[in-house]
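Should a chain be cited, it is by its letter among A, B, C and D, assigned in written order, with residues numbered from 1 in that chain.
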Amino acid sequence: MSLTPSLFPELIQALIDDIAAHAEEVTELDQAIGDGDHVFNLQRGLQALHEHASEIAPLDWVAAWQKIGMTVMAAVGGASGSLYATLFIALAKSGRDKVIDISGFSDAFLQAVEAVKLRGKAEVGEKTMLDVLVPVALALRDEAAAGKSLAEILDRLCQVAADGVEATRDMLATKGRASFLGERSKGHIDAGAKTAQLMITAIAAVLKKSCD
Amino acid sequence: MKKFIDSPDTLLQTSLQGFAKAHADIVQFNPDPRFVYRNVRKTGKVALISGGGSGHEPLHSGFVGVGMLDATCPGQVFTSPTPDQMLAAAQAVDGGAGVLFIVKNYAGDVMNFEMAAEMLDLPNASILIDDDISLPKTHSIGRRGVAGTTIVEKIVGAAAENGADLATCKALGERVNRATASIGVALSSCTVPALGHPTFAIADDEIELGVGIHGERGRETVKMMSASEIVEQLAGHIVDELKPAAGQAVLLHVNGFGATPLIELHLIYELAWQYFSKRGLIIQRSLVGNFTTSLDMAGCSLTLTLLDEDMQGLWDAPVNTAALRWGC
Amino acid sequence: MKKFIDSPDTLLQTSLQGFAKAHADIVQFNPDPRFVYRNVRKTGKVALISGGGSGHEPLHSGFVGVGMLDATCPGQVFTSPTPDQMLAAAQAVDGGAGVLFIVKNYAGDVMNFEMAAEMLDLPNASILIDDDISLPKTHSIGRRGVAGTTIVEKIVGAAAENGADLATCKALGERVNRATASIGVALSSCTVPALGHPTFAIADDEIELGVGIHGERGRETVKMMSASEIVEQLAGHIVDELKPAAGQAVLLHVNGFGATPLIELHLIYELAWQYFSKRGLIIQRSLVGNFTTSLDMAGCSLTLTLLDEDMQGLWDAPVNTAALRWGC
Amino acid sequence: MSLTPSLFPELIQALIDDIAAHAEEVTELDQAIGDGDHVFNLQRGLQALHEHASEIAPLDWVAAWQKIGMTVMAAVGGASGSLYATLFIALAKSGRDKVIDISGFSDAFLQAVEAVKLRGKAEVGEKTMLDVLVPVALALRDEAAAGKSLAEILDRLCQVAADGVEATRDMLATKGRASFLGERSKGHIDAGAKTAQLMITAIAAVLKKSCD
């Protein structure tokens, strides 16, 4: 894989645009069963990354992930801030001893998602961003192992992410603020799952374009 | 939304600058990373650090000062602060006897403080506050930390000021937390500045029982009741939870959520006083006012702490902060 | 209307009972005629008595205690108290050095205190507070007394505590009053419990400039502005009124009307601090919070007092009341 | 005039009923340019008088007015409380040396209204209760001097009171809370003038009935 963090400025811009386009929708979701700040938290993080984009672009992946993690950690706050910071710091840690091709990345990503589960003391099925991150990580591993093309893999991940979001709708929230609502949390999509999906899809679009 | 605001992006920082100026005799403000810390520091004293999302003022920054907290890390409105704030605060106020983080039990707060604790190169410990009994004890992520936080911070603050060590402070805080139960009711939602409209809609004749402090809906929406009926509900839950013996000394805290006038909070206090007194409790100490607020939410919570002599003495000990001040 | 209330008829009395219990270390409450008076009394001290309609809490009863007021007479919500309350309060707290009534300039307050003064068989004098500059100095009944009352009561309270005689206290109070200017802005009306609905209607994009503290409309209804613009308007009026010289020491008081959160009040404070500092004023002392409220009104007022050394020393003197406490 | 305070319980009941019937209207007036508590202030006073009615009934007029004044003074508060207390205490004072027939009463009442003017530092034309009380006191004196019958006098007073209320509508308020509104006070009837008229009219009705 010839992808490098030089793509990073473009990726961040795509994420900023995509989250902005869905800001109201996400806020409505987080207001229904959370506290309504999720989109602002994410946007603060993306903005901070945007400001550091030119520093990150020349780095190797491991250094880039570390820097992304530290930037998110200091900029975001909230539940999602610590979880995404954990994701990237763990990605850097488990990527350190790997060749970052698709297969190396899929391993590292799976380990990073495990770190998120540990940080949040959460599992799949609790109506959180993990309901997107975990199936996406698993699908990535499987597709990579099956030797699919990058384009095929990306399409598959987008599909898995979309399914993951939709699955949160009928779940009972048992982690995060939505859990305070008990049964009242059912019938609403989780905001953090939704933004995870949006970001994965936006990243996929950029990657597909850059590999054409 | 009508608020005094230039932009949601500058509100917090400008407000903290004002807070620090208005209380320059007690605190200083470090703008980046953002933390508030007290002027008077002591070597050999355990450093108490709290923090959480903003919008609950005077909690926590109003409690920084002699006899209470050493530093606080204010996050964005209703958003937990970040680990770098906690690390910087800890470095700034470390007195060589370790750092105690006092954390309200919310996923974001817990995780961010946890990350800070992992990275901090100083002896440290944490207390999780989970006094909100509107959720069952068995709730999947435990109960929330609400207005009881003030009680814990005051009592542990006094102990730390008196020279208690880190383990003692932690154990004391956990003891106070266990002896404390809170439950709240909202008459209105609140409006987060960045959002610009109320977080939830509520009918004119309905109230939310068992709310947290972030404008989230409560445990149930019920029809409006008289103040006496509301107190009976809230106080009843507290008695069921703490099961205090007759003759037990207690601290009764009526906390306003921000938009409820003192005339109503003192009415609630009187009704709660009567309720608990009838059940044989001795209301030894009181705190009535807006301490753990939810921006402009109308509503209040009741907090009861079962006091022992030790706790009562530490409650009475001198405190000199923006929001609580006595004996000095 | 959603309020914590059993009935508008019992709200005040029950609330005052609660207030007195919550602050039993400082005050007592006499239920009929209704007055609040301090526990610690001194013979040979001028007795300071204030009062007015309720709904402005903590003003005035929150200011009863050592270093401030001796007694207060709370009237019904927004209704001045009656002369028999003032007479009974005067008898209760007279220390043999005369009684000073501190009265906000409202027709009802003025007339009822006047009747009490006529009937009182003790040396007495009165101070009229008229710090609200939203009305012209030439207004037919003079200007209203608003948040500057706190400043006068604190400073005269300290002087009386130090043994100043009746004439000195009166002259000092009038001096502080003259050195003080206030002006307020409302973002919402308030709801008087007996009425059950807001006193005035106001559009979502409008605010009332120059309001009093009884939910009455202000001097003008204007479009919503940014916090900076609002501060510029209010502070500009104050500067025009007091015409302070550069280098003048001042006390800056940001007073919330009840439903505006501290985060916004501290923002206003910071912006006002910058405004006055730019004009060369030295902000020596500050007070930020909800002190002279209008029930659940959202809004705030700015008060500036030109300080001399004497006044500043008396401001700093120990005070031990429910709402203001330092140095003791 | 054979009227005595034995009528007092009946009078108070009539006032209570009449003010209750107009409570909303009065509140709207006091809310428009005042603070909305006027009707509650009056009702608190009437209620206190009602509770003392049986003590007052056996008294002579001077003692009754004194007692009424002291009761109002302790029960009402606000601007209207001190003004009505002043009215009745002054009535007792100036009635003390008079025979309380119509002419004696009209003299005493005129002096009492003067005391109200002094207390309130107000004159006719400032949009207050004085815009009813003063013309009514003057008309009473004139009609009494002209030797009119009680019934004729009462009809005339009711008319003068009604005109007095109506006249406040276009006045600029310069006393009381309404003065804070400046020009904005115009176009609204004064609440205190309105209740003064209501009470005078209700009293007239009882007196007319009891003299039939």
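Definition applied: a residue touches a chain if its C-beta (ideal position, glycine included) is under 8 Å from a C-beta of that chain, and two chains touch if they have at least 3 such contacts.
Molecules present, by chain and UniProt name: A, D = Dihydroxyacetone kinase subunit L; B, C = Dihydroxyacetone kinase subunit DhaK.
On a predicted model such as this, the values are computed, not experimentally measured, just so you know.
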| item | value |
| --- | --- |
| Touching both chain C and chain D (chains) | none |
| For chain B paired with chain D, centre-to-centre distance based on mean C-alpha positions, whole Å | 54 |
| Interchain centroid distance [CA atoms averaged], chain A/chain D, Å | 76 |
| Centre-of-Cα separation between chain C and chain B, whole angstrom | 28 |
| For chain A, residues contacting two or more additional chains | none |
| Contacts with 2+ other chains: residues of chain B | 77 |
| Pairs of chains found to touch, sorted by chain label | A-B, B-C, C-D |
| Residue ranges of chain C touching chain B (in the complex, touch as defined) | 2-6, 11-12, 14-19, 21-23, 54-55, 57-58, 62, 77, 187-188, 204, 207, 224, 226-228, 230, 254, 258-271, 273, 283, 286-288, 290, 293, 295-296, 298, 300, 325-326 |
| In the complex with chain D, residue positions of chain C that touch it | 33, 53, 75-84, 106-108, 111-112, 114-115, 135, 139-141, 144, 192, 194-195, 199-200, 212, 214-217, 219 |
| Chain A - residues contacting chain B, complex | 27, 31, 34-37, 40-41, 44, 73-83, 85-86, 119-121, 126, 174-177, 179-182, 184 |
